[in-house]
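Before I ask anything, here is the structure I am working with.
Naming follows writing order (A, B and C), and every chain is counted from residue 1.
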Amino acid sequence: MAGNKERGICSALTSALFEYDTNKVVHIRSKTIGITNRLVQFTIICYVIVYVIIIKKGYQDTEKPYSSVTTKVKGTALTNLTSTSGQSFPLYGGVHLWDSPDYIVPPEENGAFFVMTNMIITPNQTQGTCPEDPNERDVNCTNDSECLAGTPVEYGHGVRTGKCVLADRGKAGLKVCQIYSWCPIEIDVVPMPDFNLTNGEPLLDTENFTVLIKNNVQFPKFNESKRNIQKGSKLKSCVYDPVTDPLCPIIKLGTIVKLAREDYKSLAFQGGVMAIIINWECNFDPLTYSCQPEYSFRRLDDSESPVAPGYNFRYARFYEKDGKLYRTIFKAYGIRFVVLVYGQGGKFNIVPLLVNVGSGLALLGIATVFCDIVVLYVVKGKTYYRTQKYQYVHDPDHPTEEKSLLGREISDR
Amino acid sequence: MAGNKERGICSALTSALFEYDTNKVVHIRSKTIGITNRLVQFTIICYVIVYVIIIKKGYQDTEKPYSSVTTKVKGTALTNLTSTSGQSFPLYGGVHLWDSPDYIVPPEENGAFFVMTNMIITPNQTQGTCPEDPNERDVNCTNDSECLAGTPVEYGHGVRTGKCVLADRGKAGLKVCQIYSWCPIEIDVVPMPDFNLTNGEPLLDTENFTVLIKNNVQFPKFNESKRNIQKGSKLKSCVYDPVTDPLCPIIKLGTIVKLAREDYKSLAFQGGVMAIIINWECNFDPLTYSCQPEYSFRRLDDSESPVAPGYNFRYARFYEKDGKLYRTIFKAYGIRFVVLVYGQGGKFNIVPLLVNVGSGLALLGIATVFCDIVVLYVVKGKTYYRTQKYQYVHDPDHPTEEKSLLGREISDR
Amino acid sequence: MAGNKERGICSALTSALFEYDTNKVVHIRSKTIGITNRLVQFTIICYVIVYVIIIKKGYQDTEKPYSSVTTKVKGTALTNLTSTSGQSFPLYGGVHLWDSPDYIVPPEENGAFFVMTNMIITPNQTQGTCPEDPNERDVNCTNDSECLAGTPVEYGHGVRTGKCVLADRGKAGLKVCQIYSWCPIEIDVVPMPDFNLTNGEPLLDTENFTVLIKNNVQFPKFNESKRNIQKGSKLKSCVYDPVTDPLCPIIKLGTIVKLAREDYKSLAFQGGVMAIIINWECNFDPLTYSCQPEYSFRRLDDSESPVAPGYNFRYARFYEKDGKLYRTIFKAYGIRFVVLVYGQGGKFNIVPLLVNVGSGLALLGIATVFCDIVVLYVVKGKTYYRTQKYQYVHDPDHPTEEKSLLGREISDR
């Protein structure tokens, strides 16, 4: 018995190995249907080969790059702050030259840099009491009881001392809460009032400054690493130009803003955020190898934003005088340049190719479905074709079922 | 001959164009099998249409956003450092107000900001020799030979001078290596000892500070660009609330920490890293267009980390006195807020739709495979169905082979 | 009539529900074709199951991690700047100790840190006029008319005053334009000339410094969050070693450079950009759960770059003396470490599995196509098989068409 069973399994396996099942095909010779069929098939094959495989590079595995960016800005600009009242402006008054350690704050960032283009300088601040800026909320008062001691002024400069005092700076008559703060309080008006601002100072003329961008992209999946500065290239003294020198990594700030269709003067005055987009479309297949960066530029912030339009932040320089701490505070307006690295690398890989081919083969089934509908329900000889395509088989155990269905079939005709 | 061949190829092509092959189908009328078949097909079609196409948006091409973030923190806080010994604390002693240029270090980062909430201040450090902190490794000594001159103290503050001296700061009797360093050495204990710390100073009360987040996302594939501050919106004086004002870009630091289910006081004391997650789920199809940010908050660092729990770093403010360099060093504890931008944008694209449809059609083959097994091996009339489905063809060149296989087939029955 | 129609639709629906269509199959018993068929099928099934499903984890949905990184560098180094001319170097002369607040600039960055290893220090700069560096472009002159007042020197240090003066620093006889700038001008030569540089100072010995890296990765799709420092691990006093301690988050800078096969001394002298790559290959399936970081290191910049090789930037420390602003400027050469977080997490998901299975089933069609070609065009009995596979059907409305095609078929044989 056991031997018999074994032999049975063995012969079943052998038979399975030596058999081949192929679908029985009804071969219809008809101009209309034949052409329809070929047309649909042709469309699908075209779509798969031309669009999916060739244009969309369906034979490639893809990866987005990992990127690292360093930047270096060069350029100098002058300001000339002279008070209208004849008083000299401390530390930063008179002719003052600004170079990159002055206007790049902080000196280095990861994939970004900030160029200060406009500023409000408040030198010689020290800890003490002074009247709050009358433009802040909840600081106007008529007597001391309205200035609860110890409460900070919301969005303001310090903590109330509990006294109600006269506002300074020409706002005579107006009474505000006194605060403990860094005094004197910054006058938050740009351009800085009370100064002879020749050339719109302290607006720095940064339009002709240049930035050198070093970008390295990594494609770990393909073990490829690329730089925007190629070995042996003569990029030492170039300046980027979208037409004549599109690969040069040294770019004028004015060019960036112009190519983003923004006005440099107003951007510099109010500040803003610009994107330097480096796009790497890389093909790592040996025969069609190509991998070069493409630069483009765009403004990221909204110049008409309802909340805090433009871009600015405050930073301070601290110093000591006679054992007391002083600081100069800068409200720095400027352009924040963010380097965004886009793109993707592709290389031949069998998996996406087979997935696309498999999916394309499956789509060819659509041609058959469509033509079957035409053959069986549309063309004149549909009844004939139906009898040819279908071989009707009835459940041998339910002979009653047969009849009613046969009946339907006949009445259907 | 050549003409004959040409005519042959030509007629073959014509014939290929005018033919249509369709599978011969065995049409079985059976309740059981019919229902089984339709059920399996229905399940697969449902899965493809409902789950893949509709829920998973299989008709869309997707892209993750490229993002740029700028932030601005507002708020002020007081400290009041008074020594227990009556000595005044240099520069930062007494009532001291901290505003954003003081507690935001560095003043601007790319997609992150740091708010100092606690600190150890060591003012008036200058280059010189002093005893090392006795808590460092390998610094206890009994005589000079144990302090090899010129060797740096590992994880310590300076380089050994070769002398073994008495430790300072109340650790009388203990002898440690003298080092060349910035002196005096920082006392690395928090809160700062030897001070009357009213209100737990120098812990800053930053819980009510607010941050304005400006986020711009780019979807280059779809040429879309979105901002979290919409044009014309009345977000000027809002404060973020997860229920009443979930789109407001001005968020209280306390709200961030509370929504991440952390305790502000202990987080501020030890420092930590918080994520502000902005999630953009964008649908760029014209009819169902939607694209709005969603804010959520999470703590990233491990409050029970075995190595350096919390978050802190040191920075210095340098100044000159009588031609000599001095510095004030801050061990800054605080909350590092990292803005992570998640999400994806989707838009109708024919390729993923056809890939999913093609793959779905192929899956329909599973229904046929399953029902064929039922028809040919399970139901009562299986032998009958088998003869109907299969048309047996034998290799015309191996008539011997036929028999043995036929034999198996018969015994099989 | 309406009732009749209704009954018709109803019975059609019932019939569609109770029917099952399965392809009529021609079952060929032939060793050659059978084995060929099984071999091709076996190859495709192997590819799908072994390669796509198992190796490429085709049953998993994948996601790249979102990451946050903080770092902390420890270590101290000495410099000893002594002028050859006997003059003392202001502020930074003589023995000077450098600790992390001195050489980490800025004190904290998002996913990166900079360690200063070499520097050019120019102390006591103040605003004034001085001769430009003769190495700059367009500054050599013979008389004042060549130095147009108010024009900035391109890539230089300041703005021309209109005077042509003698160059300083030993370049006697050479005449250059005078500029308004921070004076004196930095001597851009490294190592700093005119100094007794014992031990190659001011090159800092940073090779033995260590960095602690805290990395947190988020997989929002799977709701998973991982840290490189695991809870309860004994990593407090470890030092990273690729063989003995590959999970330790405390890494010596020298180890990073050595594992990237770079020379520390030359990298430190000129500066450079190093990548610390943390690779997370995570499997979130319950049974095969694994998720650990793997560290690797690579140099990102090009040591032989034609433009600005190495890495450096300038930063300044400002101070006030007698009401006048002074600064010390550092040209900081050093190593910029960028922490790149790679990897992906995967978890079982039915969609990619079914897409791959569907695509695999479709590929099985290739076996049939291939074997059909063999059966119908290659093997001896092809004519016999053809008559068995195909059932010829002619357009009943075009009897003339039939003949010509039949004629082709016959001549074809």
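List of remarks:
In the analysis below, contacts are C-beta pairs under 8 Å (C-beta built on N, C-alpha and C of every residue); 3 or more make two chains touch, one makes a residue touch a chain.
Bear in mind the structure is a predicted one, so any value in this text is a computation, not a measurement.
Residues touching across the subunit A-subunit B interface largely differ between the two copies, under half of the numbers being common to both.
The two copies, subunit A and subunit C, are related by a rotation of 120°, based on C-alpha atoms and rounded to the nearest 5.
Look at where the CA atoms of subunit A average out and do the same for subunit B: the two points lie 16 Å apart. For subunit C, residues that reach two or more other chains under the stated contact definition are 15, 18, 21, 23-31, 106, 109-110, 319, 355, 358-359, 361-362, 390-391, 401, 405. Residues 8, 11-12, 15, 18, 21, 23-31, 33-38, 47, 51-52, 56, 105-106, 109-112, 114, 127, 152-153, 155-159, 180-182, 273, 275, 277, 279, 298, 300-302, 304-308, 311, 313-316, 318-320, 323-325, 327, 329, 336, 338, 340, 342, 355-356, 358-363, 365-366, 368, 371-372, 375, 389-398, 401-402, 405 of subunit C are the ones touching subunit A in the complex.
Considering their complex, residues 15-32, 66, 68, 70, 72, 74-78, 90-92, 95-97, 99-102, 106-110, 208, 210, 212, 214, 216, 218, 220, 225, 227, 229, 231-236, 249-250, 317, 319, 321, 326, 351, 354-355, 357-359, 361-362, 380-381, 384-385, 388, 390-391, 401, 405, 408, 411-412 of subunit C touch subunit B.
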